[in-house]
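Shared chain: chain A. Partners: chain B in the first complex, chain C in the second.
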Partner chain A sequence: MQGRDPHRTGAARLALTFLRVGVMNEVQYRVNFFIQLVQSLLTIATGLTALALVFSQTDDLGGWTRPQLLAVMGVFTIVGGMIRSVIQPNMQRVVEDVREGRLDFALTKPADAQVLVSVRDVRLWQLTDVGVGLIVLVIALIQIGDGVGWQAIVAFVGILAIGLVAIYCFWLMLASASFWLVRMNEVQELFDGVYRAGQYPVGIYPGWLKYGLTFLVPLAFAVTVPSEAVTGRLTWQAVTVAGATTVVLLALSRWFWQRGLRRYGGASS
Partner chain B sequence: MQQPSAESGVVVEDLCKTFKVPVREAGLKASLSSLFHRETRDVAAVDGVSFSIQAGEVVGFLGPNGAGKTTTLKLLSGLLHPTSGRCSVLGFEPRARPAALLRQITLVMGNRNQLQWDLPAMDSFELNRAIYRIPRADFVRLRDEMIELLDLGDLVNKPVRNLSLGERMKVEIAGSLLHQPKVLFLDEPTIGLDITMQKRIRTFVADYNQRYEATVMLTSHYMADVQALCKRVIVIHHGRILFDGELASLADRFSLDKTITARLADGEEVKVSAARSEIAAATSKLLGERDVVDLTIEDPPIEDLIERLFSSEQRP
Partner chain C sequence: MTRPMAEESKPHAMVSMYLTLMRTSIITQFQYRAATYFYMIGMIVEPVIYLVVWSTIARSHGGSVQGFTPGTFAAYYIVWMLVRNVNIVFAPFFWEWRIKEGNFASQLLKPVHPIHYDLGEFAGGKVVVIILWLPIALALALVFHPSLDPSVLQCVVFFFAIWGAYLIRSLVLWALGLITFWTTRASAIYEAYFLSELLLSGRLVPMQLMPKWAQQLSWAFPFRWTFAFPITSLTGPITQRELLEGLAMQSLWIGVGTLLVAMVWRRAVARFSSVGG
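Our next item is the complex of A and B:
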């Protein structure tokens, strides 16, 4: 157990244990699977309709062809499912716990508090979006028809992971803001609203919005750049910027979280 | 840096915690102006508290709501940073939340639950095992011991949300002790529970203290808890310590009257109040004059003592 970096191995083990217990818990509520599946299918149907409308007017949107945009939508759905299954439930719980003073219990444990609050919850059935998104992505790739090499798949998975970490950091900063603001009930709606913008490649938006969606809310790294990877549009520049930004975000969000912790007084009983 | 040592229990020196509380008058206008200019007031929740607790001691921490009990416990468990003063637990400074300290303490709050709501307690125990990195064999032994001592039986296999308040508290306590903590901070562990359940938990805490020589700091509104568990009490009010000493000497300090209750041969019951110094004389007088079958001498109820303590504080 005492590896070279006991702190890190501890974090991974902790995450796996929580994941296992969380999944066991979710499996009890099988009806949620069907509800989520219907929800996923409805969402993708709405998205496809919008896409069809766009391409009834034009053949090209900001340099992206129809099947390429379909791929973006697939990636968008996959990433959304992942965010809603593991990132969002944990971060929302932080917001609630701060308000109700329940964070006490996470802080009196001999584990890194940030790791602990980031792995406590999992919404298994939100992963239906990942399944539906994958299907859409595969269909899009078949339509593109160039064939996808294993390098592209490796790049896609790698970039996707980087993008998810970036989104996690962004959410952690949002959640940490609750140490100062206390009431942040609407923060999830705010995030959902902004996330919806990721349905299209950020390149199609005007400059200020493009940069906002890249560096302020790191949507570009979570959706657009992975989509570039799988549609053969990836540049080394994009990878470098995504990696560097994510490293900066990791440090920044941890700093912000720890500043917040110091302010935490817990709701009095 | 102080050296952590196994012997030391809890040491608190001139501890202060001040909260900034926003001041806002009622009404829309006041709320709007507070958006731009926020006035705050300093409230001293803990105001120069000093005490020390030996390892293995059980201490009752008494005081009315808002006296600073919970704030002190939170300072001791590293949740709050002191405004000034120092505290140490097992030789560690809690504010830095060192893992070596957190692994040896536990915080139980009677009005909150930390087990996963939708899961059986058994699963939450498993999570605690991962958090505290308890070796499998120790974990199983301790878990089964808790299940037996607290008479949990099948309760650990039901989702926590389906348990009654008392049952939930029992599994809560079991979960908080799986890592065999050396220091227990128990904040109102019996709140809202019925008498039987209170007793059960009390016995269990006494048992745990004996078995593992653990230090226990307990706050409770139920005097029975304190009387049963704590030889020593610390009474805190408005963030200051009013009394620190043996529960028995609290009665001496205020020299309240004792009550003699005598049952006579004809079935009549006589109650006589007498000051401590005159209790012997009063008893012999009663025994000489009446035909007494049974006799008890009682200390004044602890509630009366505490009340006396608080009112004496208000008129310094």
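Our next item is the complex of A and C:
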């Protein structure tokens, strides 16, 4: 089952409507904000402790200074919050729906199925991570002290967006795998585990892992490259590779999703 | 259990119950090997991050930090993986789900304490995890060249220590999860618990790399006996005295954990009321 390509404005309006309903739904549970905030603070405390332990033994890690790594941690936390608020909940719902046979409800609606399953859920309170991450990033930039120009900020936001799209594509492919593999509960653990690797710049990892974290799981584009943008390390090559890979991933993930959907049609009860 | 308990001697019945639970769980886990492998791949990343970071530091400081070389770090974090996978137990977060789903009510009617079901099922899962870990450990060993040279005594102690760690974590986390019987908003408490564990257990870094005060503080908690001790019992450096001391501390915490579960469980179950499902 596959819809025609969505009309551009149609997709955007659909996303906004779902976002509004999702936010309205979330603000009902205001206590969750505080729970989530405590959780964000504990997570960042862990990260800071790990950094403190590292820098109690050394002054530089693979060419990155302490404030620079702090900036990476800020970006890592921001991106993690975005993923957990808008990407992950939707993709996990796809996995559950495929298993429970409820995906039909999404497929029978008169909109592109991929757009629809990608905007159904939002976890508003996970955005506390974005706030906490921003604070850490700002502190890090003050510590670096070079002053960040507006070009760097624009580059940062642009590359961050590209990186998030890349992560979305990766998650869509993971979720599509549930058309073949029935039990995918562990897939979130898999992603969370791998995502942790982003808290350090991928350059410090050995080659196989570095390339894995760039092209297999596009973490480098979501965390490391944006961090390079705000710490004055950005190269044109990195931007080009990030852009090109994301375009390829967009096409690939859509293809994979549609192949999976065809299989779903054949197997539904 | 088809025969009534009274016919068999009680210890014998318990052993056969455990064996059955373990067997069932081994079969179940093997059916989902793809999922289990996914899960384990996610688990590899954490120790590999620590390993890469600390070997990088060791290399940039002329080959070692506080006596740890890239080789000993590799040994530490590869064994870490095994210890970590074995000491994953029923998490406190899942109690809410367990109570809500209502299938817990039926366990209460059975003649044995419900913790035995968790202990048996999870222990069976460990057998699968250990088998799946072997090729991963081999691959990591080829990449990171661990230096590992344990004595026979160390191997023996390791075997017991790793299951001791499993028991301690099972008991303490089970008791902690029982908070759910009073409130469902305990997740912040659990998070704080896991954070303290991360920092004071040797999970993040070997204990030797932590500040002195943190090392001393860690004696007040069960954490280091469920991570650092089982790992270093195999990788060293560890003295014979420390090996025995560790086993003694593990026994102590198993005792404390059992007591905690017994005490809290009695109060918790009194609050339980089932809703028809």
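Descriptive notes on the structure:
Keep this in mind: the second predicted complex is superposed on the first by the 258 of 269 C-alpha atoms of A that agree within 3 Å, B and C clash if a C-alpha of one lies under 4 Å from a C-alpha of the other, contacts with A are read in each partner's own complex, and residues count from 1 in each chain.
Simple rule for what comes next: a residue touches a chain if its C-beta (ideal position, glycine included) is under 8 Å from a C-beta of that chain, and two chains touch if they have at least 3 such contacts.
Just so it is clear, the model here is predicted, and its values are computed rather than measured.
Model built by superposing both complexes on chain A: chain B and chain C fit together without a clash. By the document's definition of touching, of the two partners only chain C reaches A:56; chain B does not.
When the two complexes are overlaid on their common chain A, residue A:138 makes contact with neither chain B nor chain C.
When both complexes are overlaid on chain A, the residue A:262 reaches chain B alone and has no touch with chain C.
Shared-chain residue A:25: touches chain B; no touch with chain C.
The superposed model places chain B and chain C at 90 degrees from each other around the C-alpha centre of chain A, with the value given to the nearest 10. Measured by the number of chain A residues touched, the leading partner among chain B and chain C is C.
Legend: residue contacts after superposition of the two complexes on their common chain; A:109 is shown touching chain B, with no touch to chain C. In the superposed model, A:35 lies in contact with chain C only, and not with chain B. In the superposition on chain A, A:14 makes contact with chain B only, while chain C stays out of contact range. After superposing the two complexes on chain A, the shortest C-alpha to C-alpha distance between chain B and chain C comes to 6 Å. Listing the residues of chain C that touch chain A in their complex gives 32, 34-36, 38-39, 41-46, 48-49, 52-53, 56-57, 60-61, 65-66, 143, 185, 187-188, 191-192, 195, 198-199, 204-205, 209-211. Chain A meets chain B in the complex at residues 1, 10, 13-14, 17-18, 21, 24-25, 101-102, 104-105, 107-111, 113, 116, 262, 264-266, 268-269.
Within the complex, the chain B residues that touch chain A are 19, 70-71, 74, 77-81, 97, 99-103, 105-107, 109, 111-112, 114, 116, 118-119, 123, 126-127, 129-133, 187-188.
Every residue of chain A that touches chain C in the complex is listed here, in rising order: 31, 35, 38-39, 42, 45-46, 49-50, 53-54, 56-58, 60-62, 181, 183-187, 189-194, 196-197, 199-200, 204-206, 208-209.
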